[in-house]
Structures are given as C-alpha cells and as structure tokens.
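Pasting the structures in now, so scroll down.
In the two complexes that follow, subunit A is the common piece, with subunit B as its partner first and subunit C second.
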Partner chain A sequence: MTKMSADVVIVGGGIIGCATAYYLAKQGVTDVVVVERDFLASGSTGRCGAGVRQQWGLKMNILLAKESIKAFETLNEELDTGLDIEFKQQGYLMLAYTEKMVEQYKKNVALQQSLDVPARLISPAEAREIVPYLNTDGLLAATFCPTDGHINPFTTTNSYAIAARRLGVRIMTGTEVTGIEVKDGRVVAVETSAGKIHTNAVLNASGGYSREVAAMAGVDLPTYPERHQILVTEPVAPIQGPMVISLHHGFYCQQTPHGSFIMGFGDPNELKEHVVSSTWHFMEEMAAKVLPVLPPLAQLRVVRQWAGLYNMSPDAQPILGEAPACRGFYNAVGFSGHGFMLGPVTGMLMAELISGKEPHIDISPLSLERFEKGELLREPSVV
Partner chain B sequence: MEDRDTIICRCEDLTREDVRKLIEAGYTTVEEIKRISRCGMGPCQGRTCHQLLVREIALLTGKDPAEIPPHKARPPIKGIKLGTLLAGGEKHD
Partner chain C sequence: MVKTQLLVVGGGPAGLAAADTAASLGIQVLLVDEGRSLGGQLVKQTHKFFGSGEHHAGVRGIDIPQLLLKEGQDKITFKLNTTVIGCYQDRVLTALTGEDEYFKISPQAAIFATGASEKFLAFPGNDLPGVYGAGAVQTLMNQYGVLPGNRVLMVGAGNIGIIVSYQLLQAGVQVAAVVEAAPQIGGYLVHASKLARAGVPILTRHTILAARGKEAVESAVIARLDDNWQVVPGSQQELEVDVVCLAVGLSPVVDLLRQAGCRTRYVPELGGDVPVRDSLLRTSQEWIYVAGDVAGVEEASAAMVEGRLAGAAAAKQLGADVAAADEIIARSQASLKALRGGPVGEKIRSGIAKLEGGIANA
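Entry: the complex of A and B
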C-alpha cells in the first residue's frame, strides 16, 4: 500500500464533514481527505428533518443560524454542481400554548430582531392566515420568521462534496477510521480500513459516533447518541408554507417542495444508544400529537418511517474547537438535533480554525472546556 | 424505446436516462441513488422499480446483480392514513 498523507483528515461524510472540506479547500487548504464509513449523508444528515431556523433564544444560536441561512440562500450558485439544494424559504411558525412560553417567545423575538432576524410575534388569527387549516384552540400566540425554511440534505451534502472534490479534496467512502495515532500530545496519523494516513490535523465530524472517535485520540467527550424518529407521507399539492413547530407538544411538521409531509417529535424516553430502528408506537403518537393541531393531515398516508441519531451534549449545544488534551484533534460534534442547519457556518468556522485563522464568530463559548468550568449554555427553544 | 422515455420509477417519474446519468456520476449503490433521486421512495415503496434499478447498476458497473445490496425496506409495508393511526393510538391514552 502506498504511503498516504494529508494536511487534514476529516472523519465523517455528513453535512459537517463535507462542508468543512469544501471551505478548507476554498481557503486554499486542498490536501484534505474525508473518510466516511458508509456513503455520504448515510448518518444523521440523511435522516434529518432538515429544517433551518433562526428563531432561537440564545444569541450564539441565532448568529450561527443566520450566517448559515445566508450561505444556503446562494449555495446553488456558489457550488455550481447542477444539484439543487431545494431551499424552501417559507418560514417557521412556532406555536405558544402557555403564558410562560409566550413570555419566552417575546424575549426571543426581541433578541432575534436586535440581530436583524425578521421574526415577529403574531396572534392566533394571523397564524391562521399563514396556515389556514391550523386549529387555534388553546393557542395563545405564535412567532413567525419568513426567512427560515427547509432544505434537501442529500443534495446539499453531495453538492459540498462535489465542489470540494473539484478543488482537490479526496473523499474515501466505504472506509472506516479505526484508530488515531497520537505522539507527545499531538495527532500524527489516522488508521483506516484502507490504510494509514499521516496527518497533523484531524476533524471529528462523526455525528452520533463522536465519543467513540474522540476516544481513539484519548479525548473524553461528554456526548452520547439519542434515537429520534421521523416519518414521511405521500406527496400532495402544496398546502403548507412554513414548518409548524410546537415545543408544547414537542413536534415539528413540514411539507417538502416535493409535496410530501415530514414530521417528528422529541420523545424524552427515547433510547440513548446506537439504534436506528423505528417503532409503531412512534407513528401512533405522532398522529395523536399532530392531528389536533393540523386536522386535515388525517387524510395523508404515511409511506415511510425511519430513525436517526441526535448527538447530544450535556447542554444541547455543539462542541467546536481543538481538544485541549490533544493538539491537532478538532471536534465539531454534539449538535443535539440542530446540526444540519449549522452545517455551512460550522464548515466555515472549522476551516478558519484548522487553517490557523481567527474564527469570524467567537466560538470560544462552545469549547469542550466549558463543561469542566461549569459554563454551560442554556437554549430555551429546543425540540 | 429511448432511455429518456423508459420509466424506471413510476411514483417519482424517473427515467432510465436519469438513472444512468446518476450511475455515471458515481452513485453506484441503490441506497445512494434512492436518496439523491427519490427512486423507490414513492407510495409503492420501490416494489416496481427496485429490480429495474439493480439491473441498471449491474449493466453499467459490470457487477453481478446478486452482489448489489438491495435497498433497506422501511415500514409501514403499505401506506396508512394518519387518521387511522390516531384511531388506533387512542387506546394508549
């Protein structure tokens, strides 16, 4: 086997790995290898709801999501691969059913507006103008941001990969990372099922497997996998513009540009293991949650259900940066269910960091050290 | 018949030409083609197109069709209305 080497080795060919590879190459770091165990987007990225929103309660999340959405808006032109990322930019409608939630949403909207995100608090009647079949029983208020939306995760990931390859990045699919060699506290090589790659920089972008991959470099991550289920219906004519999300019920529901509806909900009792099987119970509970709010969807046939992993961190916020215990070992993990939308901005920031530049957004609050220091972040608006 | 007139996936209206272009672009597994083109993701769950797709991959890559891994079949076996699921789901409440 010929001796392989690279400036940067990226573990994982999901949105994070492929976007980072592209932005590294765009900055001139083209000696990059992406190692993916299966095929591109075979992990969480290809299993996700692919909603993109700026309606967060934490300044960091709003800034990151805003930057990502700006990038998504022109990504087809920028990557120019012939694939369409199918950005349906028709907003997110977030429903509030309790006084406490209304208060929180008021604060969120004020913060979002102060950061130039065009979100607004609206009445139940206004919400009905946006989604005419919304049942407003019990609804107190809602927030709406017209520039949020939905994207095709497969074409997006593949577009990044094609554009990265065009700039010189090598992508090895069907190849597993089996070990990481560390000498004197610094990464020196990555072992794969296709041989050893000598390198001084590794990016852990392995999604649900982040903890296992970090352990190969002797880095202990507080992340863990959590199964989340999702379903899709047959396609119908366009009837719903925005993603409808109710944190009270815990569900989200979107009609894709293709016409099908996708929906899921957060189940606190979900398995915290590497399982991606799906359950009948999920479909029944999904129907019970969504139909009282969006009654006409009762007519839609579910054609498929599946599951994927959230890579959870203790404060449900990503972990970005170089690991203090191992020089040259970078993490972009722990996205806790909102990593697809953060793909472009994470790719840009990690590319800056790995190539020795100052990241253009200060991501030091997202460092791994925050858990030791007890400086946890609190995002009030997660599914 | 021309490749662009031959339908591989009826639910998603995918022609033999569409599929061949994807295989030529390097998407040589059923799972990849399914995700990038929705081939087999329609209401029939790939029952009609799956064999045709495997055959196209075999023809263009020179592989034995028996060596091409089939797609992962996902539940439900047959489309089921959300309203019907709700009727069944009430038992648990």
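Entry: the complex of A and C
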C-alpha cells in the first residue's frame, strides 16, 4: 500500500463533507481527501426531506440559512457541472394552530424581517391562496417566506464533489475510516480500509455516526442518532408550490419538481439507534396526520418509504469548530435534521476555519464547549 | 390485522406446492396472489412438461395448478387480486386487494414464492411501443388471446425465447429470426428443432443494436458478434419487424425480502441478487422461507419441489408432525438433487453452493 498524506482529511461524503472540500479547494487548499464509507449522499443527506428554509426563531439559524439559500440560488452557475440542483424556490408555508404558536411566529417573523428575510405572517385565507386545497379548519394563522424551497440532495452533493475533484480534491468512496491517530494532543493520521493517510487536519462530517468517529480521536461528543422516516408518492401534475409545515401536527410535506410528494413527521418515540428500517406505523400515522390538512393527497399512491438518521445534539443545534481536546480535529456535526439546508454555509465556514481564516460569521456560540458551560441554544421552530 | 400460522406470498407453482404441503401437515395457511387466478406463470405455459411423472411430465403447464392442490384442502384461505406491498421487521405485512382494500397480516411464518421479473436490454429505441419482454408476449397471447403484432424479432435463444417463438408461430405470427449473443443455443434442442423445421433462422453470436420506428417499432438492426462479444463491422442488417421480443433472462423478485431484512447475495448463476438461505430454504430471518424463482431462477419443476420442501420445513417449525414433515423434506431434497443432476444442472448447483451455509458465513 502506498503512503498517503493530505493537508485535510474529511470523514463523510454527504453535503457537509463535499461542500467543505469544494470551498477548501476554492480557497487554494486542494490537497484534500474525502473518505466515504459507502457512496456520496448515501447517509443522511440522500435520505433527507431536502427542504431549505430561513424561517427560524434563532438569529444564528436565520443567518446561516439565509447565506445558504443565497449560495443555492447561484450554485448551478458556480459549480458548472451540467447537473441541476433543482432548486424549487416556491416558499415554505408554516401553519399555526394555537395562540401560543401564533405569538411565537409573530416574534420569529419580526426577527426574520429585521435580518432582511422576506417572511410574513398571513391569514388562513391568504394561506389558501398559496395552497388552494389547504383545509383551514382550526388554522389560526401561517407564515410564508417565498425564497425558501426544496432542492435535490443527490445532484447538489454530486455537483460539489465534481467541482471539488476538478480543483484537485480526492474522493474515496467505498472506504471506511477505521481509526484516527493522535500524538501529543494533535491529529497525525487517519486509518482507513484503503490504508493510512497522514494529516494534521480532520473534519468530522459523518452525520449519524459523528459520535463514533469523534471517539476514534478521543473526543467525546454529546450527539446521538435518531431515526426519521419519510415516504414518497407517485408523481402527479404540479399542484403544490411551497413546502407545508405544521409543527402542531409535526409534519412537513413537499411536492418535488418531478411531481412526487415527499413527507415525514417527527416522532418523539423514534429509535435512537443506527437503524434505518421502515415501519408500517409510520405509513399509517403519516396519512392520518397529513390528510386532514391536505385532503386531496388521499388520491395518491405511496411508492416507497425509507428512513434516515438525524444526528441530534442536546440543544438540537449544530456543533461547529475544532475540538478543545484534540488539535486539528474539527467537527461539523449534530445538525439535528437541518444539515442539508445548512450545507453551503457550513462548507464555507469550516473551510475558513480549517485554513486558518476568521469565519465570516461568528460561530463561536456553536462550539462544543457550550455544553460544558451550559450555554445551550434553543430553537423554538423544529419538526 | 389478519392472523395466520403460515402466509404464502405468490400462487405460482412454488407457492401452491408450499401451501398444499403445509396444509396437508395440518397448518393453517393464507395464500396471497396479485393475479386474478392461481398458477402464476404456469398459466402461460401451453407446452407439455418434461421429466418424470413426479414432476407432472406430459402435462401442460396451464393444467398443473389444479393438480397441485389436494382435494378437500380446507386449511388454505386464498386471497387473490391482492398485492403484498410491505414486509416489516416486526413480522407484519401490508397488503392491498384491488385498489382500495388495505389490510395487515401477522403470520407466525411466511414463504415467499414471488418469482422473477424479466431482464431488459439497453439499445436505442428500446422504449418504442412494440418492444416486449417474452413474458408479456405470453401473457398477451395465452391469457388474453391478443397477438403482439405480425412479425417478430426474438432476442435470446434460451428456453423461453425458443418456446415463445414457437408459440408465436402457432398463433400465426411470423418470426423473422431468433438472435442469440452466445455461441450456442441455450434452450432445449427439441424445441429449437421445431423452429428450424418451420424455417426460422436462429442466429447465434448475433445481437440487437437498435429498434427503429416513428410511433412504434418498424424495424430492428441486428449484427454479428466476434469471440470478444464485439460487433463485427459491416455485419449489420435491418429486419422489417413490428415486434421486438426480449427473452434475455429473469431476475428474482427480492424487494420484499430485502425490506424484511433478509440478507441477499449476488449470484449470477441464479439470476442476480438472491436471498441467502439454508438447505431448508430458510432465509437469514428465521420466520421467512423462499421457494421457486425468487430463490434462484430455475424451472417450474424445481419450483414445485422447492415449494414442497419449504412448506414442510415451515410446517415443522410451526409444530407439525416432525416425522411426516421430515419425510417430505428428505423426499424433496432428493428430488431436487435429481432434477439438478448432470451437466444441465451444473450452473444451478454451483450457484446454490454459494448460498447454502451462507447464513453462518455471511
């Protein structure tokens, strides 16, 4: 086996790993290796609902999402791979069914507008103008942001990978990271199924497996996997512009450009293990949740269901930055279900951080140390 | 939730034999099939079977289903026009009768006899109307009495390609040629001879390059292949046909098994991805057995014996009389050995050797 080395080794070929590789190479750090156990986007990225929204309740999330969406808007041109990321920018419609939620949404919208995000609070009647078959029984209000949307996670990840390769990045698929060598508190090598790679910088972008990968470097992460299930229907003519989200019911539902509907819901009793099998309970409960709100979907046939892993952190916010316990070991993990939409901005920020620049957004509140200091962030608007 | 001791998915030769065997050992069986009648692909087979009396030799395939079920078989409930749409790891299966009746089944054990689907070839024009799988042509003709067209190019000279070509001739359809990429005919020579006598050219070392036509197939381009499977320059010829029929093999239908968590392995000798199983046809999920083409593409005779074997093994697991079950198991295993004996069975034997014991090894 030949001796390998790299300036940066990225563990994980999902959106975070591929975007970071691209932005590193764009800055001139081209001696980068991405190590992916399976194939690109085979983990949480390719299994996600792939919605992108700026309608958050935390300033940090709004800023990150806004920057990501700005990048998505011109990504086809920038990466110039011939692939289409299929950005369907027709908004997110977020439904509010309780007074408490309306109050929260009012606060969220005020914050979003102060950051130049074009979200607005709308009435049930206005919501029906956007989604004509929406059943507004019990609906008190909604918020709508027209620049949110939906993206194809496979073509996006592959576009980043193709563009990164073009700049000199090496991507090793079908290759598993089996160990991380640390000497005097610093990363010195990554062991893989294809041999050892000498390096002084490792990015942990391994999604649902972030805790296990960090443990190889002696870094203890408070993250854990949580299964989330999704289903997809047969394709039909375009009838639904925005992603419809009801935090009250806990579901999201989107029609893709291909015409199929993709939907899922958050289930507090889901397995917190590395399990991506499907259940019939999900299928039945999904239908029971979504049909009262979007009745015509009862006509659709389900063609497939699958599951993926959220990589949960204790406050459902990402963990970004160098691990205090191990120099050269960087984490971009714990996205808790929002990693795909934050892919571009995370890639830019991690590239800046790893190449020794000051990140253009202050991400110190997202450091791993926040859990020790008890400075948890709380996002009020999650599925 | 429908409860049953044994669920059999698929009412073709393997499934019918499995259900009948388990029921005759006292097990209560629910048999589900997506078709409107039992028999699976047997209903397409208008020719007489070969082999010994034990394997229904001399009987036409269409007549076999009724022979597979013993009289007074009241232990079996049949649910036709019903598709199993999901198989979950908590041993619950979801099913749909017609378009509307959705229900769940909770069996103690299941035998999957879901058969195989046709393989396809990639060539320009393969999406034109008039390009069929051989199974589709058989269904059209033998089940619905509809001719696929007037003049056919058959691709593949295995048993299915040869037999369907002959059935087309019998139905009054012209067969322009049979092309076969391999250097020799794969099907039984007795059937191939019938074709040759009728004047149909069987062109070995030939393949299809394209189907042509505006709205539907109007012609097909074929060419000769050299010993490295490359097209011989200048050997192209265009045949005027309105049907291209592909008989290029079958792939086991393992989707539900995968969903249930059964391990599969790629074994080209058996048609592709097949479930890993033991000598009793039990998969890596201890409640799931397989029989017939889903366990490895073979012939209807082997499928029926596999059905008896899996039916007896599942019945034994469910508490049937051990001696009676063991007797059927031993007889079926001996019968399979005989069916797969000789040079014809070499491929199947080597394929199965890769699978059995695989549960322990995998």
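One rule holds in what follows: the second predicted complex is superposed on the first by the 383 of 383 C-alpha atoms of A that agree within 3 Å, B and C clash if a C-alpha of one lies under 4 Å from a C-alpha of the other, contacts with A are read in each partner's own complex, and residues count from 1 in each chain.
As a working rule, a contact is a pair of C-beta atoms (placed from the backbone, for glycine too) under 8 Å apart; a residue touches a chain by one contact, two chains touch by 3 or more.
Note that this is a predicted model, so its numbers are computed, not measured.
Participant: Which chain, subunit B or subunit C, ends up touching more residues of subunit A in the combined arrangement?
Facilitator: Ranking subunit B and subunit C by residues of subunit A touched puts B first.
Participant: Just checking: does A:A288 make contact with subunit B only, subunit C only, both, or neither of them? Give me first, second, both or neither.
Facilitator: The first partner, subunit B, only.
Participant: A:S278 in the overlay: touching subunit B, subunit C, both, or neither? Say first, second, both or neither.
Facilitator: A:S278: touches subunit B and subunit C.
Participant: With both complexes overlaid on chain A, does A:N269 touch subunit B (first), subunit C (second), both or neither?
Facilitator: After superposition on chain A, A:N269 lies in contact with neither partner.
Participant: Could you list which residues of subunit A make contact with subunit B in one structure and with subunit C in the other?
Facilitator: In subunit A, positions 278, 280, 283, 305 sit in both the subunit B and subunit C interfaces.
Participant: Would you tell me which residues of subunit A are touching subunit C in their complex?
Facilitator: The contact residues of subunit A facing subunit C are 277-280, 283, 305.
Participant: Please output the residues of subunit C touching subunit A within their complex, sorted ascending.
Facilitator: 86, 88-90, 92, 94, 104, 259, 261
Participant: Where on subunit A does subunit B make contact in their complex?
Facilitator: 39-42, 46, 83, 154-155, 158, 232-234, 258, 278, 280-281, 283-288, 290-291, 297-306
Participant: Sort out for me which residues of subunit B touch subunit A in the complex.
Facilitator: 29, 31-32, 35-36, 38, 41-43, 45, 74-76, 79-83, 85-86, 88-90, 92-93
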